[in-house]
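Alright, structures below, take your time with them.
Below, subunit A partners subunit B and then partners subunit C, in two separate complexes.
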Partner chain A sequence: MKAKRWIVRVLLGAIVPVAILVVWHVASVGSVVVPSIGAVLEVLAHPLRDPPALDSTSLASGALISVLRVVCGFGLAAVTAIPIGLLVGRSRGAMDMLSPTMAAAMVISPIAWIPVAIIAFGLSSPATALYGDEHWRFGLLDQLRFAIVAVIWLGAFFPIALNAAGGAKRVREAHIEAARVLGATRRQVLAKVILPSAAPSIVTGLRVGGGIAWRVIIAAEIFPGTRGGLGYMIATAHEQASYEYAFASIIVIGAIGLVLDGMLRLAEHRVGRWQPKER
Partner chain B sequence: MARTRTTAAALFLAGVAAAVLTGCQGEPPAKTDAPSIKLGHVGHDHHLALYVAALEGGRFKNDFGIYLEEVKAKEVYDLVDGERTLARLNFIKVGGGSRMPAAMSRGEIEVGLGGVVPVAKFADGGQPLKILCPLQTDGDMLVMQKDSPVADWASFVKAAKEGEKPLTIGYKAPVAIAKLVFERALVAEGIAYGYDATDPKARVILVNFGSEASPIPMMETRAIDGFVMNQPGVAVAVAKGLGKVVSELRDLPPKGKWINHPCCCICATEQTLQAHRDAVKGLLKVILLATQLINTNQDLAIDCATRWTKYDLAVEKDSVPTITYLAEPTDSWVTGMKTWAEMAKDVELFTGKYADASPEAFVDDLLDLTLVREAARELREKGLLKAS
Partner chain C sequence: MTGEHEAIRFENASKCFVTPARPEVWALRGFNLSCLARQLTCVVGPSGCGKTTLLRLAAGLDFPTSGRVLMRGRPVDGPPDGVGLVSQEGTLLPWRRALANVTLGLEIRGMGRAERRAAARAVLQRVHLGRDVERSYPHELSGGMRQRLALARALCPNPRILLMDEPFASVDEPTRHHLQGDLLGVWAADGQTILFVTHSIEEAVYLADRVVVMTFGRTVAEIPVSLPRPRDRLSQEFIDLLLVVRRALTEHVDEKGGDV
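Then we have the complex of A and B:
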């Protein structure tokens, strides 16, 4: 019975991808813009090969660069947004001070900040910060341009902070009071009561923020001087009419996004499993 | 137990990240006392002179003694004259249209290769920069759908004026050279144009397909009837079987006005010119010699274009011969710059210091051709540069 349900679930889940493949195949016939499925699979089958007809690094290298940028921007967003969100959720003064700004900034597309990030950070990177201008073009560290990381950070920060604030606000006062009566310090109340209670909301915020970070990277990788990353590959493939690379990059972005979302979903499940289901 | 596992996993991941980040740094290049100059370029074959110099460093070293020595392919080159390193050049791909002068205004690049009109527009706004020499002229075309009845400019004019529907023509950027020439040609022919598809008077609707983006998707879906663009975008559309060249924009009316129209140039900030005059002159020498090589050895030029831009050989074979590569300013090029000044005035492109400037005052202020003329003279004295 369980196996049958599993098969049904897999079949249902496969309907849309199969339909997409059929539409893709039909659209690719006689098209310059839509590459054949075979051409895209050929690119995906050789991820380490530098594209022979595209001014870009290999697919694997591009994916690594994009992942590193997202990890840095997203990690920075998590580290900064969770404490600020908890503060906003638990402090009336902080809420009055920060929530209007956060609510307004939340609706601005991170892409809109790209020119501001370029002006603020230029072409600087950890490589320039560590080794100075002489080394500014070298190594993977240089690919982590501060401007790109800043835009990703901006994209992920607000959903994480707002969800953390919401989670912290919803912590039952009775639980906090009980902990205090039992002699818990402020730090213990934060670690043992507020954080666990707010954790499901925080992880939901991380999921939303992670998704936005992935969407932002595509636009952010057209920064001046960028020569790698999946977003760069898509832009260059479009410019040079080598669309099989654009499609392959899109598939890789989707696959990595799926893995990222799966990991965060698992975390969401784990931190939320002790909580009673709302009815 | 669970906490120990989590800590161990976190430490492992941190170790892997540290290993990746430090291990992939690679060998840093040998240090140089020469100044470091950030050089912006677009990456297409209008800037072929730079790519020929970068790819053919060995040939330049043997034949001319002044050359670019590769430090890191496509990114870092030392500019060497004899035994002396004049500068370390950091190549930065910045994108076309306004992106190059915009990057210069933000201080990201000090020397740039790009279109003369965007450069002039930024200078008009107060950016302290000078155009040092041309890179090429022409290479802009009107392309129509492959099955379009329009076959030449005359039939385009007829179709625009008498056709049932207005013609929809794409362009890549508001101040793109191709778009500006095309607009003036429409005015010269008395063809009303606009940007709004519902404009009842417009016989030509102009559609922006985005800087550096390709017109290919819009051509395939027939969202546009044709487009005006520089090479190699034109050659790509032709190679993909989606379009045909109807006219080179140099041949459009007013008759003779657009022949050898200035397109891309080399510019630099005034600060760079003051601080690194020798290095910039050395770069201009290399560009002069590379341009000479392009014009005398087209096979090599096409090969270099393919190797650098990674466009198909067929595309570059089609593209490179349609571009006039020119590094030493000629009288007709300077006249072309004056034509731009007049045109810019007509369309009120300039709102700053060139708004009321005469064409002569415009070129006097924007161009600094002393270095390139000095460089050309010195090369001629050594017998390296042939008479222009």
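Then we have the complex of A and C:
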């Protein structure tokens, strides 16, 4: 019975991708703009090969650069947003001070910050900071442009902080008092009551922030002045009419996004498994 | 003066709350109470008479507006050592499994994992919870089991004083009688000082060495209960005592009006 349900689910989930493939195939016949499915599969089958007619690195290294940028920006956002969110959720003063700014910043698209970040950070990266003019020798470090990382940080920060604040605010006072009567210090109350109680909200914020970070990176890499990454590959493939690389990049973006979301969904399930299921 | 064998003492304690609806609400007004060590005192009174407030003051979760509260001779300025609190419902941590809830107090004190798990298992056994519940989350247990678990959590760090805020109010009558029996068993063996708050006169007379009747933030009567244990709820002496407590309560409530 379970196996049957699983097969039905897989079949239902496959309907839309198969329809897209059919439409794609029909559109690609005789077209110079839409690449054939075979041409795109050829690119995907050789991810380490440098594109012959394209001023870009290979698909695999482009994906690696994009993932590294997201990991840095998203990691920085998690490390800064969770404590600030918890503070806002537990302190009336911090809430009064920060929540209007956070609510306003939340509705600004992170992409709008790209020009501001480029003005603020220019083309600087950890490599330029550490090695000055020799920065170009340190490829991966040079790709971690501060401007891009800052934009990802901004995109992921607010959903994570707001969810952490909501989770911390909903911690039941009775639970805190139960720990206090058992002798818990303020630090123990934070570690044993506030954090675990707010954990499901925090992970939901991480999932939303992770999704935004992954979407923002592609937009940020399309902006002028960037080199490397999947967004950059899409932009150059478009400029040089190598559309099979643009299509292959889009598929890789989707696949990585799916894996990222799956990991965070798993974490969400694990930290929230104590919650009674709604019927 | 506080005697050596005095475990809990309220000295002219008053507590005033300011609410949006009313500028001043006096939950306690010059409240005096002294509980001797190893004594089981039940405070009985109508809803809103200040019973929960008096336990919160004793637990160090709140402070009197005037007067003072002493636990084992020391003024309360925060949750005191050696005190356990059991509330009506909902203070078990829902993300912790049953065993982890019981070990919380020992974990806070820094006891090693194996040691605290062994201690928790022993306490669970005392409140008649088997090993099969250890891995359950609180919401997977019945109301009675949750209250046993809450009692086990309070007992695990071996407190000398137990504060109990209507702990059995939300369970059905047969379960309540079982829980009362379990509590008396633990108390007979360990001899904690218990301050037990309830709105049930029957529960107070069944459990207590002394019933304190409280209305409108004040003590209005103290009635010693010298019936031998286990007490027979259907005996004439028991029923007579119920009537004495009820009369003391209704006299004072009727004077000012209010729910019993």
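Heads up, the rule we're going with is that the second predicted complex is superposed on the first by the 269 of 279 C-alpha atoms of A that agree within 3 Å, B and C clash if a C-alpha of one lies under 4 Å from a C-alpha of the other, contacts with A are read in each partner's own complex, and residues count from 1 in each chain.
Definition applied: a residue touches a chain if its C-beta (ideal position, glycine included) is under 8 Å from a C-beta of that chain, and two chains touch if they have at least 3 such contacts.
Remember, it's a predicted structure, so these values are computed and weren't measured experimentally.
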Partner, of subunit C and subunit B, that touches more residues belonging to subunit A: B
Subunit B versus subunit C as contact partner of A:Pro52, first or second or both or neither: first
Subunit B versus subunit C as contact partner of A:Tyr131, first or second or both or neither: first
Which superposed partner A:Gly93 touches (first subunit B, second subunit C, both, neither): neither
First, second, both or neither for A:Pro17, with subunit B first and subunit C second: neither
Touching partner for A:Gln188 - first (subunit B), second (subunit C), both, neither: second
Touching partner for A:Ala179 - first (subunit B), second (subunit C), both, neither: second
Subunit B versus subunit C as contact partner of A:Pro196, first or second or both or neither: second
Interfacial residue positions of subunit B with respect to subunit A in the complex: 17, 20-21, 24-26, 28-29, 31, 36, 38, 40, 43, 72, 74-76, 90, 92-95, 99, 103, 106-109, 212-214, 216-217, 220-221, 236, 240-242, 308-312
Residues on subunit A engaged by subunit B in the complex (per definition of touch): 31-33, 51-55, 68, 71, 118-119, 122-123, 126-127, 131, 133-141, 222, 224-227, 235, 238-241
For the subunit A and subunit C complex, residues of the former touching the latter: 172, 174-175, 177-184, 188, 192-193, 196-197, 199, 274-276
In the complex with subunit A, residue positions of subunit C that touch it: 59-61, 78-79, 81, 83-85, 87, 90-96, 104-105, 107-109, 137, 139, 153, 157
